[in-house]
Each structure stands twice: as C-alpha cells, then as structure tokens.
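Structures given as structure tokens follow.
In the two complexes that follow, subunit A is the common piece, with subunit B as its partner first and subunit C second.
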Partner chain A sequence: MTALAERSPATRHRPPLFKRIAGSEHFAGWAFVMPAVVLIAVFMLIPIGWSLLLSLQANNLLAPGHYVGLANYKALAKDAQFKSAIGHTFVYTVIFVPVSITGALALAVALNRKIRGIRFYRLAVFIPLVTSTVATGILFLWLLDPTFGLVNYLLHEVGLPQQQFLQDPNQALYCIVAMTVWSWLGFDVIIYLAALQGIPEDLLEASQMDGASRWSTFRSVVLPLLGPATLFLVVWSTINALQLFDEIYVTTRGGPLGSTTVIVYYLYQQAFQFFNAGYGAAIAYVLFVAVLIVTLIQLWIGRRRVYYTS
Partner chain B sequence: MTATAERLITLDAPPAKPRRRLPFSPWHLVLAPIALIMLIPLIWMLILSLETSPESQSFPLVVLPSGLHFHNYVQTWNAEPFGDWFLNSALYSLATVAGNLVFCSLAAYAFARLKFFGRDVLFVVLLATLMVPYQVLLIPTFLIVKHLGMVDSVGGLIVPNLCSAFGIFMLRQFFRTLPIELEEAARIDGTSRLGILVKIVLPLSLPALATLAIIQFMWSWNDFLWPLIIIDTASHAPLQLGLSTLQGAHRSHVNLVMAGTVMSQIPMIALFLIAQRWFIRSIAFTGIK
Partner chain C sequence: MKRLILLIVVCAMVVVGCGGSSSSSGGGSSSNTSSGGHVNITIWHGYTDVEATAIKKLTQEFNATHKNITVTPQFYGNSDYALQKVLAAIAGGKPPDISYLYGSWAANIATNPTTVDLSKYVKSPSWNWTDFWQAARNVATVNGKIIGIPALIDNLALVYNKKLFQQAGISPPTANWTWQDFENAALKLTNPSKKQFGWAYVNDASEDTVWRFWAMLWQAGGSILSADGKQAAFDSPAGVKALTLLQTLAKQNAIYLDNGSDNYTGVFASGHIGMLWTGPWDLSQINTGKVQYGVQILPGDLNHQTISGPDNWVVFNNGSARVNAAVEFLKWFTSPAIDLKWATMTGDLPIRQSATKQAGYAAFVKKYPGIGVWVQNLSNATQSRPVTTTYPKVSTVVGQAVQSVLLGKADPQQALSNAAKQVNGILSAPS
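And then the complex of A and B:
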C-alpha cells in the first residue's frame, strides 16, 4: 500500500525505461530481423560492394591487391576469349529459352487432361528436374559418347552417320542445349500446368459456344491468359541460361576448342584456376549488368503485352 | 428462320461416317513417346549400372546385361568416401533448411507486422539483392569464408546459405495474407510477439514453410558451384561434388560411375515420389507468387 502511494501517477503508468525500449515495436522489429540482417549483410551486401572494389584491383586471392582503376574492364573489352564466351552464352540463351518454353507449353497442354496414365506421363516429365545437374551431365556424357553412346548406337541401327556430339566444336553447344532442355523442361511444364488449371472452365465453354475452333480458342483465350506465366518463364529461363555453369563443367569443361566456354565458366577459370580475382570480379559485374538490362527489357515489353486478370 | 434453315441443311447433309475410334485416347500416341524420351537417360543409367565393366563399354552396345550385377554398387561405395558425401550433403541441406526456416520467419514476421525504424528501406535493399546473380558474390564470399577459417569444411558450405532474401520475401507475402484479428486477440491476452509468431502465425503458415523448405533443400542438395570452390578434401565434399570426381577416377569403368550416379540420385528421387504433390506445389508457387 505504502509503496503504491509513494509512486507518482506518472511513473505508475510508465514502466521503467529499459522495459519501454524492450517492449517497443522498434526494438522488437530490429530484434526479429537482426539475425537475417547480419547474415545478409555479411554474405550478400558486403560481397556485392567488395566485388566491385575487387574488379578495380589486380588481385590474386592470396596477397592483398592493388588498385588499377578500370584496367580490368578495359582488358575485358579487348579480350577475344571473353567475346567468344559472350557469343556462346548468347547463342545458348537464344536457343534454350524459346525451345524450352514452347516445348513446355505444348507438353503442358497435352498433359492437362484426364486420361488414364496421365500421372505416369507427368512423372516422366518431372523426374529429370530432380536429377542433379552433375548427374545430368554424367548421363549425357555417356549417352552422347561417340564410341559407346546410346544415341550413336541408335543412329547406327537406323543407318544414319555417326556423330561426335560433345567432342565436335560445331555440335557441342547444341548438345548442351538439348541436355539442359531435358533437365529443365519439367519446371516450365509445372508452371504452365498450374496456369492452365487456373483458367476458368466457363471461359473456354463460352468461346466454344461462340463457334470458335479449338485452335482459335487456344490462340485468343488460353494463350493470353497464360501471359503472366510465359513472362515469368522467359525472365527466369533467361537469367538461368545466362548463368549456365554446372553442366559445362561436368561435360566439356568449356571445350572442345573453347566452343562451350560460356561467361560463368570463363569467370570460374579466371578467378579460381588462374587466380585473377580482380578480372573475375569484373566479369561478374559485366554479367550482373547484362542480366539486369535483359530482365528490365523483358519486363518492360511484358508490361505492355501481358494481360493480368487480377 | 435461319435456325430452321440451318437445321434443314444439316438434315440434308449425308450422315457423318462413324469415325473409327481408337480404343484409347489419341493423346497416348503423343505422350507415350515423349515420356519414353524423358525416361531413357535414366533407364540407360540404371542398365549401365548393372552391367559388367566390359559390357558397359562394348560396341555394339549391350542393352540387356548378362545379370543384375549389384556388386558394382558395393564396389563403388567402398572405393569412394560415399558415406561421408551423403553425410555432408545431409548436413548441408538440413542445416540450411533449418536456418532459412528460423531466420526467414523471424525477419518476415517483422516485415509483415511490425513497424520499426528503417523497415521500408531495409525491405527495398533486401528486394534489390534478389536481382544480383550468385556469381557476383562468389569471389568475396570465398574470401570471407577464408577469413572465418571455414574453407574446406561443411561449415563453410552452410554459413553463407543460412538465410535468403527470397525466403524472407516469400514468407512475408504469405504472413500478410493471414487474418490479423487472431494476433491482435493474443496480443491483448499478453502473449509476447515471439509467442504470437510461434503459436499462431507459424502453425497457419505450414504450406509456405513447406515450400521454402523444399526449395532450399533441392537447392542445397544439388548445389555444385559453391562446394567446387571451397572444398578441397575428398571426404569433406558433398554428394554432387563427389559425384563429379567419380567421372575422372573411374573413366574406364562406366558401370561403376553409373552405380555411383544412381546412388547419389536415389534420395532426391525417392523424396520426390513420396512428396510429389508438395514438390509440384512448391515449384508452381515460385512461378505464381
């Protein structure tokens, strides 16, 4: 009783300072985000800045580097190998993205029906997706082996000439396209299947009632409704295609004759095999800017052409 | 008038010949070959893994092995530190899944429900990092992990991947769809904010948490580039890195390489078959957002 009486009304309503701070939403908010902020600062924000500094240095990963200004970028602009790496990445992306997306669209339409065995068919398309990139590389290395490969064996059986596949500089990159389409197709199909199943049944019925053929229903009703999914897949597949690495490392290591050396493989070689960390960081930043520009262009085109229902 | 005319025309038209119908949907003719093409690489892997060494490297190819040579699996398992690789991969995947679930939930809850100083700036920075390709981080992250003395260790694999901006963003979006009334009621009852997150928000968010767990698990289990850069010792490697060395070590024994490849893929494929619905939902979720 006496203790209560001694306290002034103000302090009775206001708990002690540290309690007020500890109980405040500012404190709670920061306490909740702190572990994530520390982890993301140390392993994302600092590396992003550090990478930029590294790209301005001559650095061999061991001794401290020294600043060389824009020398790395200037050297990159003149580097014939880097230019051909950009060329290979470009060719790969320009084939991989449309092939995998149109293939997946056709496949998703075929898989979007209730017939017996559909679960099995879907499973067959999805399983390569959970096969690791390394395993995929090993599998295709042997499937496409010029001497003991299954594909050449089948070509031989039907009387077609034998191919060198991954060992032929003119074919290797296309083999990589085929291999990565095989392993990524399931992802695109899942996205398209989900989008197809989101299309209201009555829209399709209405279109058929109006006398539209199946094809024109698909073209003028289904395809526009798949716009957001297509835009997502174009952006996503392009980003992944520009960052191709694992499959190249496991199968060709950039060969034969450098014909499959893509940007990230070249980066890996420069930074971790020749220890030109500064040069590698400059490559990474060029890649970053390229990804950013390509993505923004795609989203800009997409915003004007894709119709969002909700 | 026109309706009757149309009807007359259709009446006059010769009766449509009964189309010869297949006893099954014609779509099977499209889907069965595609399914076969998708499965052939995996079936071929299984066949090679069960052949003897000469059978696996002969021309013309031996399509049916002389017997099921399961001994290949034992031989590969004993020739390489497969047990270590499995253990390292399991540690890497489970630790990063756990880390992401805990740290992303905490941060996502704060971003979704709490007003704190600097929240919006922080969130924009977080979103911006989503645009940065992994390769930009590679060299400095390697140097940081080197400074922390964790190069060539499973810890070095795990620590940089304990929390992801993607996970925070995804969970925050999900938390914001939950009805806030429950949380307010609990707050009035004197439950702490952590209590609300653990007892109310997380149990309602199991689908989103499962999605994050599956995506992170697939990513860590199949990750190759980061282990390639920081791991030197064979017994410290996770499965995919170990697998890539198999190729060089057993160049002349395809059957053994394939046996190793099969073993390395079994856990993920089995998990996929068991939880297929969840995998597909998670993947579809990344696309829809």
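And then the complex of A and C:
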C-alpha cells in the first residue's frame, strides 16, 4: 500500500486548481446551462437592472441622461393620466380574466366529448390563438366599423340601433375585451381540455354509482380536480391582462379620448412618443411590483383552496 | 410581454451606448483620414418600390462621377421605426453617415451629440439654401442650427370625386372656394342611405388628426403658439371657427371618421366619399381607375394656407472626412437637376422651388395627374408646426380636443380652453 503510494505521489496531492474545477460535477452542470444563463443574463437581467437605473434618470434616449433620484416616481404618483390608465387596466382585467376562464371551461367541457367532427371544433377554437395580433386587429376594425362593418349590418337587419363600437369612448374598452377573449380563448381551452382528460375515469364512475347527478358530479368532482389548471390560468391571464399592449396598439391606439389607454400603452407613449424614457421605465417598475403583488396574493389563496391529487 | 422586454432591451442598449458614442466617433475620423483619400459612407433609408430603385440608381450615378467617395444605400425597414434603429447604431458606435428621419423627430435628434450641425455648409451660396421650400427649411432648423437637409416635402390639397359632384349638381371646387362653399358641398354630397359622405377626417387623435386642424386654424388667421412659444394660442376665435366647421359637418354625419388605419383611401376609391384633404402619398391608392378624381388647393377662410410635413436627411458624425463626403453627396442629391430626376422617377414633390422652372418639369406633371396642384400648393405652406421637444405632447392634447368635438363630447370653445390649459402646463414644465 505504501509502496504504491510512493510510486505515484501525484495521487496524494491535490490536483491543480484548473483541473479540479474542470473535472468537477459542478463544472459540467454549469457548462450545460451556461448558454441559457448567458442568454437570460444578457437579454433579461442586465436590461432589467439598466431600466431600474433608467427610471432614476431624466433621459430622452438621445442625449446623455442625468440622475434625478425618485423624481419620476414622485411625478407618477401625481399623474392623473397614469391613474386613468390604471383604472382602464383594472376594468379590463376584472372583466377579461373571469369571462375568458369561465368561457373556456364551458367550451372545454363541450369539446371533451366523443362526437362527430370534434377535431374540427377543437381546431376552430384554437385558430384565433395562432392568428397574429395584427391580423386579429384589422379583422375586428372592419367587423366593428360603424359604417361598413358586418356587426352593424347584422344589428340593422334585426332592427337594433347602430353602434360606434371602437369609436365610442364608452364602448371601446369592452370591444377590446371581446376581441382579446376571442383571440386568447383557445389557450385556456387547451389547458382545460388537458386537465379534463387527466381526470381518472374511476372517480367519475364512482360518483355515478353513488347516484350523483351530472351537475353534482361536475360541481363536486370535476371542478375541484381542475383546481390546479384554474389557478394557473387565473395567474397567467391576470399577468397577461395587466400587460395588455399589442391589441391596443394595432386597433385604438389608446383612444378614443384616451378610453383604452392602459398602463403599458401609456408607458410606450411616454418613452417613445414623448421621449420620456426615464418616466417610461418608472412606469414599468410600478407595473412590475403590482404584477408581483397580485400574483403572490393569487398563489397564496391558491395554496389554501386548490386541491392537488398527487 | 414580448414588447415590454424589447422595450427594456432598447432602453438598456441606449443607456449603455450613451457613454461610448463620443469616443467612437473620434476613432472613426483617424481611420478615415489615413485611408488614402477614398471615403466610404452609408445612407440609411426606408424606401421601397420605385423609390428603392431610384435611390439605387442615383447613388450609382454619384459613385460613378465622384471617384473618391462611395455611397452605399442601406434599407432600414419601415421609416416609422427608424429612430430606434439609428439610436441603437449610435449606441453601438457605428451610426450611419446619413439617415432619413421624420421631421417630427428633428428637435429631439438635435439634442444628440453625434448629430452634425450643417449650418456652416448650407450657408455657402453654392447650396442656394433658400431655394428649398420654406416649410422644409423650417423643419430642418432647430434653435438656429440646421440639423438636416430636406428629404421629402408634401402638403394637403383637396381631392374630389368628379362623378359625385356631377350627381349632386355642384360645380367642381375652384381655387377661390370658401369654407362656406366647402361646407355646402360636403352636406350636399352626404347621403346616409347610400353610405356616402361629403368628407373624411382621420379621427384617431394622432398627429394625423391634428395637422389637418392646424391648416384650418391658419386659414382662419390663428396660430398654434404665442410668438415667444411659451403659451398656447390656438384657443382663439380662429380656432373656435375651425372646430365649429368640423362640429357642424360631424353632426350632420357628413364626415367619414377614419379610425387611423387609412381606410379612407379605400372608401374614397369605392366612390363613397366626395372630398379628401390629403397629400400626394395617397395618389397611388386613389388613382385605381375606379374613380375620376380632381385635385384643387384647400378651401380658405382668410387665406388658403396648407400644412406640410417634411422629413430630413440627418448627418451623423463619423469623423470630418466622412461628414464632408456625406455633405458632398447630399448637395449633389438635392441639386435642382437630380431633385427633379428623383421626383420624376418616384412621384414625390420636388423639394426645390426652382424645379418648376426646369425643362423637365412639364414631363413630371404629365406623368402624375394632379401633382402639379400639390407643387403649386407648396407656396401656401408658409407656416410650420413648432420644432420643439415638447411638440409631441402638445399634439396629443390637441388631438384629444379635436376628437372630443368630432365625437360630439365637447363644444369647440370648451375643448380648446381645456386643451390650452394643459398645453400651457406642458410648455411651462421644466425640461
């Protein structure tokens, strides 16, 4: 034993630092994830850090900015237009989230049956999701056109008064809700369909044998088992709704009379139309904190209310 | 979400770059002076179609006749997003030598240290600077500095459907038309049962909504801001008069309210709109052969002023050798002969007044029916919008005011007083 050790002394010494690092399991692990880490750092973390700095500056993105402390945030607290943008975002979110989720649940239950042409119906629900936002926007602009639109034509045919839709400050936001529900519904339906198909048959059979009606089976067996999917959809849809931008940008551009100016559209206006990039970054940070708080609350409620099978 | 990330990335890139831009431009100059007299420069543009062909052809012509300079045109995509791309390039230390940029950005671009002040060049008599149309010179000038060379000029004129005028029994518009003539015609041309409108107005509260209103304000003798630029001046009797015309026609459903996606050209081409206030850029969509159209200068009140939205060629500093080359190219490119050549190839209006006196002008007017009116109308574009960094905010406020009247939510006086109060707040805020 000792003789062996004397013949190869190197084994008793610690290998050089480089070899130790390169040979370790940690290194291999880091090497594998490094491309992703670098990508996330360069395109997510560093920009997030920079935009925090930007939010503390008066900066028009053209000339060098200068540090102004919390002035942007203080101005934001007094900004009436920002408050109305928050109001629009709030109204949009509290309508969009429940409507899209209950609608998707109903559709998913309807599509979770063995009927002729079920693939076609599923496809029909899914297509709006893969349609580009710009195409959806142009489609709705024409459908809802007050003079030449199909919807007003149909209203006229059944004898109802003509509407201004996206050109009416009192209707535009609700039209945006309808448009986004239509285009995002497919996603929610897929999640619910997958969850419905994951419900064990024996549970459903057992409840049938116990004499449960179809409604009480749905109410007491199916719905609780869809809990995790519902929680996910609520969190995901809320985040999406709070960050609404694209649909506004391609249709109303915040109008008419600012009635669809939501938070992220206001941010865009400030940063890229008025050249107040620092102010825009401050809005982004306020929104970030708001999303974080809302999500934490939802997850906290979810932990108490959602039943996980496993 | 995607857009938000993009936005943050762009912001970050610019912040990173702001520190580095000045040093990199210095580096550029030394490498160019040492390269034996030949200078390569790039020119960024958003031209497509005939304009893309024209810029390629003309830069080739320049390169062939100027042995010590090579100009390379580069397509940057839609001009709407050019500013962001140029900013990123400046941040990266490699700005284009010349870029096509919207006139509405001029005041903000002037704050960038890489933007070259061209005053000392264009003062030379060989440039004949005053030959450029007044409106174009105004937009290239920020606080006495000249930050660009005119790249495009346009203006609003009255385009009308000849057949609808005949059907309604109205004689075609003349150069002496008053607002009253215009209003009467618009009302006569309106027929809700046929979904027919007398006029169209862009009602998205953007600058597209606002600049048409400015033209009317000027015609009635009003002005946008006070002479010192510190107060709103549009809430005047002239402003109320202009908005009242809009209100009257909107109430009678005589105006097709466009949602901002430029549907009005299609609606006009299908024969549902009697008159448009528009520029030569819409000509290709209007001239589809379905509608016989005529062009006339705008109707007037005290005068027949129009408004122009010129764009600029902005030069960025990549060292003196390249700046000199860029200026030499622009001087050639905007010289009277090449200017008319460009106009004839593309259908853009000539940016020099002397173009009308050239031999080739008649051929240009013949090639694009109606364009002659727009060229002559440039002499009615005597005023310009304020070239200031606060203008985009002013425009947003006034856009809402005009929209509130068009939608019947406010009276002209009430809308303008409210807007003026907000604008005064914007103008007095520390920048």
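Basically, the second predicted complex is superposed on the first by the 279 of 310 C-alpha atoms of A that agree within 3 Å, B and C clash if a C-alpha of one lies under 4 Å from a C-alpha of the other, contacts with A are read in each partner's own complex, and residues count from 1 in each chain.
Criterion: contacts are C-beta pairs under 8 Å (C-beta built on N, C-alpha and C of every residue); 3 or more make two chains touch, one makes a residue touch a chain.
Predicted, not measured: the structure shown is a model, and the values here were computed from it.
After superposition onto subunit A, the partners subunit B and subunit C occupy overlapping space and clash.
Contacts of A:I293 after superposition on the shared chain: neither subunit B nor subunit C is touched. By the touch criterion defined above, A:G255 reaches subunit C but does not reach subunit B.
Shared-chain residue A:F120: touches subunit B; no touch with subunit C. Judged by the touch definition given at the top, the superposed model places A:D246 against both subunit B and subunit C.
In the superposition on chain A, A:I21 makes contact with neither subunit B nor subunit C. After overlaying the two complexes on the shared chain, residue contacts for A:A284 are found with subunit B and with subunit C alike.
Residue by residue along subunit A, subunit B and subunit C are tallied for touches, and B comes out ahead.
In the superposition on chain A, no contact is made by A:L203 with either subunit B or subunit C.
Of the two partner chains, subunit B and subunit C are each touched by A:V264. Residue contacts after overlaying the shared chain place A:L54 against subunit B and subunit C alike. Overlap of the subunit B and subunit C contact sets on subunit A: residues 43-44, 46-48, 50-51, 54, 61, 138, 141, 147-148, 239, 243, 245-246, 249, 264, 267-268, 271-272, 277, 280-281, 284. Subunit C makes touch with subunit A in their complex at residues 1, 3-5, 7-9, 11-12, 14-16, 18-19, 84, 87, 108-109, 111-113, 195, 203-206, 256-257, 259-261, 263, 267, 389, 392-393, 396, 400, 403-404, 407, 409. Taken together, the subunit B residues at the contact with subunit A in this complex read 24-25, 27-28, 30-32, 34-36, 38-42, 44-45, 48, 56-61, 102-104, 106-107, 109-111, 114-117, 119, 122, 125-126, 129, 131-144, 159-163, 165, 168, 193, 218, 221-222, 224-225, 228-229, 239-241, 243-244, 246-247, 254, 257-258, 261, 264-265, 268-269, 271-273, 276, 279-280, 283-284, 287-288. In the complex of the two chains, the subunit A residues touching subunit C come out as 43-44, 46-48, 50-51, 53-54, 57, 59-65, 138, 141, 145-148, 166-169, 239-240, 243, 245-246, 249, 251-253, 255-258, 264, 267-269, 271-275, 277, 280-281, 284.
Against subunit B, the residues of subunit A that register as touching in their complex are 25-30, 32-33, 35-37, 39-40, 42-48, 50-51, 54, 61, 107, 110-111, 113, 115-118, 120-121, 123-143, 147-148, 150, 153, 156, 182, 185, 187, 190-191, 193-195, 229, 232-233, 236, 239, 242-243, 245-246, 249-250, 264, 267-268, 271-272, 277, 280-281, 284-285, 287-288, 291-292, 295.
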